[in-house]
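Got some structures for you, see below.
Shared between the two complexes below is chain A, which pairs with chain B and chain C, respectively.
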Partner chain A sequence: MISPSKEDLVTITLNGVEVEVPNGINAVEAAALHGKEVPHYCYHPKLSVAGNCRMCLVEMGTPMRDRSTGEAILEDDGSPKIGWVPKPVIGCATNVSAGMHLRTESDLVTECREGIMEFLLVNHPLDCPICDQAGECRLQEFATDYGRGFSRYIERKNVKPKRTRLGPRVTLDDERCILCSRCIRFSQEVAKDDVLGFVDRGSFSTLTCFPGKELSNNYSLNTVDICPVGALTSTDFRFKMRVWFLKETKSICTESSTGCNTIISSREGVIQRITPRRNDLVNDTWMTDSGREIYKLVKAENRILRPSVDGKDLPLSEGISSAVRILKDRKVGVVASCKSTLEEQFLTKLVIDATNAQVYIRGHFGEDDGILLSADRTPNLRGALINGLTDSYPEDHLNGLNEALASGELESLFVIDEDLLASGVDQENLKDVDIVFLGTHSHATSNMARVVLPSFTVFEKEGSFINKSFIVQAFEQAIPGPVGLSSQVEILSQIINHLRVDSDPLDAKLDGVWKSMGEVLPDLMGDCDFRSLVKAPFQIDGSKWSHLDFVEKNALNFESVKGVQV
Partner chain B sequence: MNAHLQERRIILKHADDPSYSNLIGCYLREGGYETLKKAFAMKPEEVGEEVLKSGVRGRGGAGFPAGMKWKFLDRKSGKPIYLICNADESEPGTFKDRQIMYKDPHQLIEGMMIAAYAIGAKQAFIYIRAEFHEGARILNRAIQEAKDNGYCGDNILGSSYSCDLVVHRGAGAYICGEETGLIESLEGKRPNPRIKPPYFPAVLGLYQCPTIVNNVETLCNVRHIIEMGGEEFAKIGKPNNTGTRIWCVSGQVMKPGYYEFECGALTLGEMIFGVCGGLRPGRSLKAVIPGGSSSKILRADERFSGKLKDGTEFDWGLEDIPLDFDGPASVGSMSGSGGIIVMDDTVDIVEAMANINAFYAHESCGQCTPCREGSLWMRKITQRMCSGGAREEDADLLLSVANQIEGRTICAFGEAAAWPTQSFVTKFRDDFIKKASETVEEKNSRKLQLI
Partner chain C sequence: MAKTIVLERKPLSFSERTYLPQIATGLKTTFSNMFKPKVTLQYPEEKPHIPNNYRGVPTLVKDPNGREKCVSCQLCEFVCPPKAIRITPGSVPEDQEQREHVEKAPQEFEINMLRCIYCGYCQEVCPEEAIFLQDQYSSSGYSREEMINNKQKLYELGGTLPDRHYKWDKKKQAEVHGNTH
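So, the complex of A and B:
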């Protein structure tokens, strides 16, 4: 990193106009703050500065001072005389300071960009028609702005490997590589897995893995995201879809309590890929490879697509009526979920209240990788705390439920998502209870349920999660759910309405749920509503739970103590 | 080779003396390491002051005053200071440092220890190019001799100052002569030059510590500066061009070789036609590259006029250019590393260009775009031109490519690659245009075919 940026503002002159920018940020960022794009390839805001692409060359000057007296030298008209650096400088490594003059729009700057563009293209295969990057390629974009439109190059182009397997998920086309070194720096600095490097020199430099190594870490696909050209491609997404056909939806990764901000790219109701979305408080511009695979749940073989009662497929409305019969006026246990959204958990609590149910909840834990995959492998454990589903920190089993079942305390069970048999509950103990299962995928427990209410995956609904830093983040619906099914919020609302016949029916729209949440949890939710949450996530005060032993370790943008202090 | 009558040998004083070897005994016999004792009797800053007073300019190519360079050293950081001797002599046409290291290595070691003492270096390195394997062996032996005698290593001359000296061999890359590339290489990485700012070696050099990188000849000069005193040294040569320089003359002269002269003591013409015995019979001078292949070529029939820094006007032919730092610089080229390459009328200028371009394309590190792509493109153009595929528009294309490189790269290699092309094409435009109409017979009849 060049130098830490200070947040105090300084005045610089950008293309002849005085503007205020934070002191110490680089010229690329400073210009961007005021709507001037400085094209660049190797510079990435979350990586160290390499300065090798030379695309961000700008003109820089500072007011001249007399060496002996230190006084400013003035032009004839009284304005300060600017000492322009004779050569253009790279914007990415030029940190602004008070009084600096920058030109990002001048004949010299344009000439520089045109020159660099031409150089980048002379040995580039120009195979956009078969390149996955086409449509989101910086080379294409800047070629439109600064390309000649014809080639002066009549020599043979360099030949390099066309399809190198760098790892299980990344395929490299070396001919397209512009040697910006972003992927190398990412591997070193963020993934902490130094496996990439250049071999050979000059124009024959070639990106490759070190001998005996492969790019197989859980962050390898970020190199594909930050590759400004089509060199690094996702083996999964390669040749599958033209990016301009893709609908992009803002989403949140459900893999762990980190809650990486993501973009779901889909076409005609089919998800094609998941990529990270920048959030400097959460995931910067990264996400895990494993998190990108989650969309495969949508079409998983064990997806439940039809409601059923006692093994018979029935319409959803009849499934809900059957569920209500099982839950009403009986000794009920509810197995809530840390995977449910904030809204679903809120409604789950209403079900619990309406049935006077015992509530059970488990956590799911794994190894903390210290970057973005946290030890808590559920997206919304803190939501369960806030909604009052539990006061204590969930353990990774349901032994309490097993004991309650063994002692015959319960007649009915409302299970949301969890597989009881995989959570320490003995199958024997479930023999005499009626189970209502609300979830997306079948497993041993759903197979035992009398009523199965299938519902939507995270991609087919909207809602919000509270991540490990107590940041409430909303996600939107990317694709429609399977025909004939409803969202969990809809199903839970209907169950509640059936259970509470004397109360006003619930508004199953998220805005309505949020209004109710605001009434029940005014301290936490205030007067926020769902639509504004989508635009602006907010952090809530988690100090109430600071006594709990949260499992998350220090990681990117997260200190384990910070997680409970605001 | 016998020293030429007119030479003034300071650095190479003993180099070709048949009774002198590179062992420490010879060096001590000739007063070796006495200057080190003198320097150690002074305060380090006094040593630096003498070097500053001497006005000695860097002999590696850029000609930056060495004393000034030392002044830039960041001494407040509290980090260890390193001294590196740049012995990666790779500039085509240059072979002076080799003579020093092979024939008088102790002179370099003494100079380095004085410099290390002056800047307070914790550790010193000699980064020597891979091809000088014999040089590395000689230096290692010499360092061991110096250590055995207390001139280097722990408690030098019985003082409390210690500075180890290590020879590090390169792996065969021109770019390692660029000081930040050299530092990267010394750290064990690819020698990709660093961006400046912020990585100025005097502040953030080797291992991000303050570092001084000096050329072999410069460091040898340090020894002589301390021996005779800065002011006395400054009397050698001319103001702003102090001391002697070793000129390496190659190409089509009768007596190519290395010659040490006081700066400005003779002109380019005197060097070629006097010292070097002129051209071969029947040949005429076509062009001269005055300071290693990256300096701009000078045409034999050019006239150069203008004003020197001190205000005196000049009107020179090629032969009148004084051999010092400012002479070649004032005619738009540079004295660079002192490698004078002479070309007579048998040289096909496009082929010469193709040869130089092949070198730079091969040696570009590939880090930054303009040099990486531009140098190879220029090589491909000139190679094609020499293989029967020349077009008239290639001259302009070459010039345009070179212009797109110059001033836009991370390190000075960009200029080094662009300047030859810019000057060749500008000054010998007709030769490049004519290439387009060259017949196969003409091509095959050329006596010298470089590629």
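So, the complex of A and C:
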């Protein structure tokens, strides 16, 4: 890993200008801090330094000192004489120190870059028209910015295999590989699954999996993201859409309580891929492969697309009024969800208060992989704690609800997203209760419900989640939802407005929800509003819940100290 | 206020009043054109000569080996000012003879001729020389759907054009003859 950036600043001279940078960071980062790009392929801020692409060559020097006396040697005009290293050095492996001189724009550096680009392009195929990387390809970008502009190479280019299967999700185009070894280092250092390596020498060098192994770990698609060229391609996204058509939306992964920051790429309302977004407090620049497949839920076969009452398709407004009839003035149980957003949980709490309902909530748990997939497989369990939906830590079943149903305590149930039959509730016990189901996909419970209110998936709405480190992170709407449906926030607000006829109607916009949330939870939310949250996520104090047994184990950027994080 | 002057109309002479000289002059023009070469065409039975650089209906062409040249890079779709082009990219299976190097080809390729403005940007931007605006200039149909040329129609309209590069043959040769060293 790179040397940690220390807070003490040192003064270096970058292209003749004195600038302050943190001590010990490398020349590439130091130059980037002051708006000078040092092109690089093999260097990645979250991986170890390999220094094999040679693209980041810069000139480096230090003030000269007399060896015997240790005094600074001066030029004729009195300025200190700089001892330039006779050959250029690679910026990624050069850590800055006080008084260092760097040149990133000199003639020598320009010439070096042109030379390196020429060598890299010697055997690189002219695949840009069919290459998925085109448009976000470092080789393309640097060839235009720092290349010679023409080719002197008239010999035949090397031929290598074009579609090698490295694993279930990754396809390798050997001809395009520039041997930067980012993918190898990622597998070793981050995924801890050492399966990739180079074989053969010179221009025969090829990236390959070790015999009998394949790149099948749950982080394999990160190699595709960090590949600076189009050599490693995602089998799912391969040849699907050119990247310049894609609209990028900031989102949060809902796979687990880690809350990886993601970018949803969509074109004309169809999601094409999900890629990670850098956040050094949460997921660095990585995310799981399984989290990238969640977009398939949007077009899943069991997606509910029409509101229905007693099996009949009806407009949403009639569904809502039927739901209110079932919930009003009866003994109600509410099954809340840890998958709902913070705002939805807040409104769920208002429904509970308006109906004097019993609350039930379950968690979903799995294996913790110690990297980014945490044991808690819901994105917003901590949101449920903060909104007061539960005081104890949710368990992996709804046995409490089952008992309450068996004793006949409840007349109607308001279920959000949860499949009761898969949570330990007997079908027998559900016979005499009226169920209102609010969710996105159908399952055994939604099929039993009297009123089904379909809503939006995470890609079709906006909202926020609280992750395992108690960081509140917002996500934006990537694609429009199905025609005729509304978001959960909208549906819940309307239900509440019907239930509380005498109070003022709620504002179903997220800004309004955040305003009421700030009134109810002033110490946690402060005066933050949703729009500023989108720009800057913030951390809240989770020490109030430190007595709970959170299931997350130590992982990337996370230390489990019973609820209180690093 | 401007002053209005009323002009006296000049009275017609005798010959002018008979109209005969004017009729004779008109007939002279008519008869002289009768013996000149024809300039009109019996459209649509007769079609005019279309020069080579004419920008007609955009079409997709095949290379002389009968392979489709388009690799669905979607640059034409990107550059098209009225957004008339719509491509669904697809991949070429490895076992397709003669096309194993191509890898990518359009699954569907649609040009909406109600939107097309015949600007020729698609032809200009195409890196594979696969799309050409050829000599066809009139297209008609009974419905909007009919005016959307699909991939099959585009290849029918385009036919085969001579190729200067034979890119895929070169790729194949490079593979057969092995590497340079």
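Convention: the second predicted complex is superposed on the first by the 557 of 566 C-alpha atoms of A that agree within 3 Å, B and C clash if a C-alpha of one lies under 4 Å from a C-alpha of the other, contacts with A are read in each partner's own complex, and residues count from 1 in each chain.
Assume contacts are C-beta pairs under 8 Å (C-beta built on N, C-alpha and C of every residue); 3 or more make two chains touch, one makes a residue touch a chain.
Keep in mind that this is a model prediction, so the values were computed, not measured.
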Give one of first, second, both or neither to describe whether A:F239 is in contact with chain B, with chain C, with both, or with none. second
Kindly classify A:I130 by the partners it touches after superposition: chain B alone (first), chain C alone (second), both, or neither? second
Touch check for A:G115: first (chain B), second (chain C), both, or neither? first
When the two structures are laid over each other on chain A, which of chain B and chain C touches more residues of chain A? B
Quick check for you: in the superposed arrangement, does A:R156 touch first (chain B), second (chain C), both or neither? both
Could you look at A:S203 and tell me whether it touches chain B, chain C, both or neither (first, second, both, neither)? both
Using the superposition on chain A described above, determine whether A:P88 touches chain B (first), chain C (second), both, or neither. first
Common interface residues of chain A - those touching chain B in one complex and chain C in the other: 155-156, 158, 203-204
Mind pulling up the chain A residues that touch chain C in the complex? 128-130, 134, 155-159, 162-163, 203-204, 238-242, 244-245
Touching chain A in the complex, chain C uses residues 71-75, 77-78, 89-91, 94, 101, 103-104, 127-128, 171, 174-175, 177-181
In the complex, chain B touches chain A at residues 173, 190, 192, 195, 197-198, 361-370, 372-377, 380-381, 384, 397, 400, 403-404, 407-410
Touching chain B in the complex: which residues of chain A? 2-3, 49-55, 57, 86-88, 90, 93-94, 112, 115-116, 118-120, 122-123, 152-153, 155-156, 158, 178-179, 197-198, 200-205
